[in-house]
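Two complexes come next, and they have one chain in common, chain A, joined by chain B in the first and chain C in the second.
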Partner chain A sequence: MGHSPRLDADLESTRQLIHETISQQAGFVTRELSLPPQSGVARWAVLWYLQAQVDVKRLETHVLLPMLEGREPGSLVGRPAMTIRDLDSASWAVNRGHVLVQTSDSNQVLSLDLSNFPFRSVDVPKTEGSVSGPSESFTESLPNNLSQIRRRFPSPDLRVENVFIGDRAPIEAVIAYKMGGPTRKMLKTIRERLHAVKQDAVQDVGQLTEALSDIPVTLFPTILTTERPDVVIQYVTGGRIAVFLENSPRALIMPALFMDFFVSPDDFYEARPFVTFLRTLRFLAFNMAIPLPAIYVSVTTYHLQALPTLLTLNLLQQRQGAPLPPPVEALVMSLLFEILREASVRLPRAIGPTVSIVGGLVIGEAAIRSGLTAPTMVLVVTATAVAAFSLPSPTLANTATYYRFGLLLLASTFGFFGLLLGYLVVLANLSSMSSLGVPYTAPLFPFQLEQMLYALGLRPRPPKGAGNRPSPSLTREAERFYEGDAGS
Partner chain B sequence: MTRSFRLAVVLLASLLLSGCWSRRELTDVSFVGLIGVDLEDDQYLVTFNVIAPKQAGQEGGGASQGRADVWSVTATAFSLDEAVGKANQLVSRDITLAHVRAIVFGETFARKGIAPALDFLLRSVEVRPTAWVTVTTGSANNFLEIRPRQERVPAEGPIGFNDLVQARSGITPARRLIEVANILQEEGIDLTLPLFRRADMKHPNPDGEEEAGSGARELIYGGAGIFRGDRLVGWLSADQARGALWSVGRVSRAALAAPCEDPEKRAVFRVRSSEGSVRTTVRDQKIEGEIRVKVVADLNESACSEQIVRGGDLSRAEEMLAKQVRTELTETLALLRETGSDYLGFGQSLYRRAPSIFRAHEKKWPETLAEMPVRIVVEAQVPRTGQMKQRYRAE
Partner chain C sequence: MNKKWQISALQAAMLVAGAVSLTGHALAVTFFIQAGGRDSWMAGLVAMPIAAVAVWSMIRLSQFHPGQSLVEYLPRVLGYAGYPVAGLYLIYYLTTVVFTLRMTTDWMVDSILMQTPSWVLGLTYMLAVLYCAWMGLDAVARVNQFTLPLLTGLGMLVSLGTAQAKDYSLLTPLFEFGVGPVLSTTFLGLGYFGEMSVLMMITGHVFPPERKRMLKYSLLALLYVVITMTGPLAGSIATLGYRVAEQMPYPTFTHWMMVSLARFFERTDLLAVHQWLAGAYVRLALFLLVAVRGATQLFGLRRATGSPLLIGIGLLTVIGAELLFPNKPFFDEFIRSVYLPAGAMLGVFVPPVLLTVAWARRRHRTGQEVGRHGA
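Our next item is the complex of A and B:
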């Protein structure tokens, strides 16, 4: 903001400057006020604000009245007054519901926060529903979100820092963490990455993920997104860093490892044996959501000996007279399903179920009856879809979709061999990734027994002192990562 | 750029150079469930039991129910692979042997030796080494006309029986292709293969009329074929065949009927488990054999007029059981001596203990078998007598 005209001259020149620039906006109010004389000298003040952004009632009672009585401007406003030094800041402040004030005997433009924007009230989480545990979610109001965090974790160890993002239209971001949790390097990195964001008017934390990731474009998510304050606390107390953004009802959590994406909010509140079972189940579902159609295609086109005879006969019977070869059929059905999913997301809630009935039941049934596709193919595609839906993280479900199509193509041309090769690529990708320097596949690779047991729900608490933060040796891995970074 | 290029080269090379091009779709092939091998004028007469599921719309053509269409394709050739090629001229789809469940050798072929057929069967990448091997009396071609009533596919017939034969009634060892190959290569032990026969049974419906259809050509179990080397030399009846199993401890769940004091009445024991071993030792230059069997069986039925069980004393029952096992083993042994086929593996035991002595006797092993004394030791246990102790009497 350094290059805009400065605002540190007397009232007349400020008035002139503002008059020529930002006062041209619709709804802009310039208001003069005669103040009681001080030691015989006549005083007056000018106020600038945008009508719609300001709480007019408070303006009258808390600013105008006291000023007429001779008090300092802003002395009755709870939020502290800021000094505005240049025109860009002035514009920014006015847009955000501040009132600019300058008195005739001062060279300073003061900015009083009188904003009173309407916000959605706290609602039930939309995408991260849970059976047990609290059901509050974040809203678009940053102060409200932070207040939820502070209320739930009222500890002197909680640190909240803010960073402004963007050049000409800065938006406030906040990082929250527990003292002694993340390493200094992690914090430094995250601050640097936030500062490096040059994009203006960032609307949601989702837009920050690329800038905050170790590798900008990845198919696997390396940052956890949540709309639940309790989940944020679970991670923050465990040594992770949470990132909030003004106007965004979600928070980011970093570092986030592969295992974290199999955790559902309920897991924190359910009995442990059950959690172990569910996590294993989700892991299984993930491993089903990726290769199932590919396996079906390779079995029916290349590896006819792989199935029991009777099952093969059943498949053969279904496939008699099916016009499309299995790879094409699998591709068409998978695409059709993705379209169906996309359609049901787009449609308003009232018509949504219609799509699932028409798409799922009618198309599925008709496709089989008309002989376009084999029932098993429909079963495979549906089972895959259900498996993908069972994942707690929608991002991970998308990852599965990408790889599913990749593996399908490989399996169509090369059978199990291609499938295996594709899986190797997935593994190579996974094992080369990191989140804030922590190896993505930890605690599996590098293996850490206690962390692993905790991740599987087999251990009640994370290993001593570490929280569910990456354990000391993982942190060492992270340090090594940054050292390597600095060297290159 | 160069890195991704290198990666692409590696990936493409590993994909394209692998030779994985053999794409054959499910609908491009015809599956063979059974192979029958016969001899005809010094040539192989090979019968393939081709399976095709019922077409949609046909009667009973639901996805999972309804029997498959099955027919036999026969080809004559000097080698098995040639026969496969010739059979392919008779079927519109590529014949695949990946789902062969059982290989059936006809009697004449088996008597000339089965080894030549094994070369192809073991070498083939399609035929599973776990396919069952059986023999039949008469021709395999004729046998393959079976249409077991309960099976969707005739090939499942021998499978069901093999399970039944070995595990349930404990009669003769079922053999997989790989086992057959192994036994033929081992020293001092001969092969037995389960014998199945085609039986044209009548299935009258409740009105007493015979039902039409293919259900009548059943598959029945007939005992075992015994081999010397790779040649079939004789048959064991269903009752005789159990001896071979006793000696390797593979009898379980079989029902043993032991005669009471009144030889026309029986007490039946159901085997729970058995252990068995065959040993051949040399003492004072003399070769001696020993069969040791430990059997645990429950008393399942008793028609004896005498009391088998007195209070908690089961020794009488155990004696009867042991005697019955001994009788079966004696019969088996007699047959073994008669045919000269060492399917209990006395030779194998000797070869492992004293190879030089076995080598010395190898040439005239059947004669040695016939002469050598064999001790039979049976240890029997009857832990349970079912729900009753005493014999049931209606008085």
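Our next item is the complex of A and C:
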């Protein structure tokens, strides 16, 4: 914590130092206490804390009264007292609801955790709702989140490590994994990446994704985010690593591969054939959500010969009098839809659906009737939007949006040639990515049959590895990951 | 080993199969039919055993020089003569890029984008290829692992879709004009198989480096390459007759125009665009990548210069594709008389020679060591 003044002198020096520095804060309390004499020598103690951060009742009953009775402060509260060695640590502890104590016959400043922060209680998941399965979500309390994890997976194999991140205002992060799941290398990488975070006041795990990713800036998500403890357990027992952060109601799951973003919480509790059907459907939806407007624009602008004559005539008739060419029309319609989506997210829940209906039905219908756009265009944009909404991961839906606009521009310029070029670039981008060293597109390519069956829901559990037998179909990282070079 | 360059044996073989087969089923079909007429479809089968010896030689050479590329071990095998030979290989790989790019842009302009200048298409396409190549051999291999099964599936679809138009009696009688036509196409076919010499540039990056597995997959890749030559050749002759097929610049493209998907897509030739572009994408990225990597190795450049060099050479190939071939007849003649014979020489005939020399040198060296220890 930098080079801050040390706190290892007598009580008067400490009192002086704290008085000149951190006691200037509003609500800071310095409290002096006369203690029973020991061997005839008079003793006293000084306590420092922030009024609003501390449970005053516990302070009275668990610290003040026992100390007045002559007990030592080190063993008074449930959590063991920490020794504070410098001023920065003292400031950090006070802000986190600790009480600093020093007695006249000691050179040690002790910190007692008497924090009293209000946390909301466990609620239903807000963004990952499910029909079947548990309905609990994480809260902003890290101990509460960890207790949910431990309760759901009470196994000696569960490992929980804490790491403090940030420089001047450290915040506690926790890595949870199943022993024998992730490789040592993966764990080492995660620890190093967390330690490398120098940003202070990290508020949510979302702010860590850039630091934890193999590729810092990417349009495809390489880390899963979840607010559900049951989802964390499903992944942790499958060999993944979960990262929690103090004050964050979400957890990160790593490594996360492309196929993982098509998994919905319900999939863990539904019948397998149904899960396979739904996952295939979502995969198709993703492949619709990106290129559909681009295909429409390229066909209507450059390759009308690909369509049957009657359909071509019908399309041309629909477009008669339309003021904008198909590429611009598609761009405007897609942008309008994105604005509508943004508006419905920002508005209060009671009004959001109304805006969606008004926007989707009324504006769309009016646009067609006024001849500003062709009905087929509205159909294409709407079908694309519905396809994007069917994706379980909002991040993946956003990715689809970015690429949709990119492909639309390419298809508008070069027709099918541009569309394919864009698709090949997306493919190259996907192929170059990894999550904690595991190829992002595995098990699709490099193809791994058993893992693929699991990803499609055709296998109930991840396949067990066959020792150290080298598998040519997955790269070394994936192989180590799936076959489990046991963690520490 | 650089992770962006590390691939498995299966990926390497698939990469070669995906990158090379485009010549056999799209780029050079007309040349094969012009050389061999009705009997041309047999050439792949005749050339296959010779090419198999070449592939075996390539794998043995990589076993003699683990972790090294052709450019790195050529001077070890041939001494100073190895440097110009390595230079010839690099020129050959770059020519492959230029020739593929030129054919791709020509075809685009001929088929779907008649009014777009070919240099615009070439430049745009090359930028997309550069992005893939920049990501490294591993990324190119993974793209290929996705596109190759798709391309094969679509190829089979069009083959089945045009079954009713095929008259297989057009493939016979064989040897009506003697064995000359078959031998002519066989030589050109060897030129096509010669592109598999790119294998020697990537085997050093295969991990784990298991020779048997590599040999097995490489021979399977050769089989794939032979099938993708023989199938479209036989298909084109059976559909169009060899007299018509040899007059057409892109006979296999014609097959796509015969297929329709229900009543919704009247013509599926747009899927042929997919076939061509996806196939050429991996091919260009691979050949460009090995040419640039080979150049850095040959001239002892630091690896960091690889990426600027990649962009520079990539853009130069766009200019080359536009300016080197003033017209179609010149281009066709170049492929027929220079490119394919050079491929046969460098890819089929040189590797066994190299293996023999490398083997003789090893024997000589081992003999010397035994003599020294004995003394």
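The rule we apply is simple: the second predicted complex is superposed on the first by the 464 of 488 C-alpha atoms of A that agree within 3 Å, B and C clash if a C-alpha of one lies under 4 Å from a C-alpha of the other, contacts with A are read in each partner's own complex, and residues count from 1 in each chain.
We adopt the following convention: contacts are C-beta pairs under 8 Å (C-beta built on N, C-alpha and C of every residue); 3 or more make two chains touch, one makes a residue touch a chain.
Small disclaimer: the values here were computed from a predicted structure and weren't measured.
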Partners on chain A (chain B, chain C) - clash or fit: clash
Which superposed partner A:F414 touches (first chain B, second chain C, both, neither): both
Which of chain B and chain C A:L427 touches, first, second, both or neither: second
Chain B versus chain C as contact partner of A:P439, first or second or both or neither: second
Partner chain in contact with A:N314 - chain B first, chain C second, else both or neither: first
Which superposed partner A:P375 touches (first chain B, second chain C, both, neither): first
Which superposed partner A:Q305 touches (first chain B, second chain C, both, neither): both
First (chain B), second (chain C), both or neither touched by A:S4: neither
Touched partner set for A:A322, first chain B, second chain C, both or neither: first
Overlap of the chain B and chain C footprints on chain A, listed as residue numbers: 302, 305, 309, 414-415, 417-418, 421, 425
Chain A residues within the chain C interface of the complex: 302-303, 305-309, 311, 414-418, 420-421, 424-425, 427-429, 431-432, 439, 441, 444-447, 470, 472-473, 475-476
Residue ranges of chain A touching chain B (in the complex, touch as defined): 300-302, 304-305, 309-310, 312-322, 325-326, 371, 375, 410, 413-415, 417-418, 421, 425
Contact set on chain B toward chain A in their complex: 11, 14-15, 18, 20, 22-27, 29, 31, 33, 51-56, 61, 63-64, 68, 96, 98-99, 101, 126, 128, 152-153, 155-156
For the chain C and chain A complex, residues of the former touching the latter: 4, 6, 8-11, 108, 112-113, 116, 121, 124-125, 128, 131-132, 135-136, 138-140, 142-143, 145-147, 207-208, 213, 263-270, 273-274, 277-278, 281
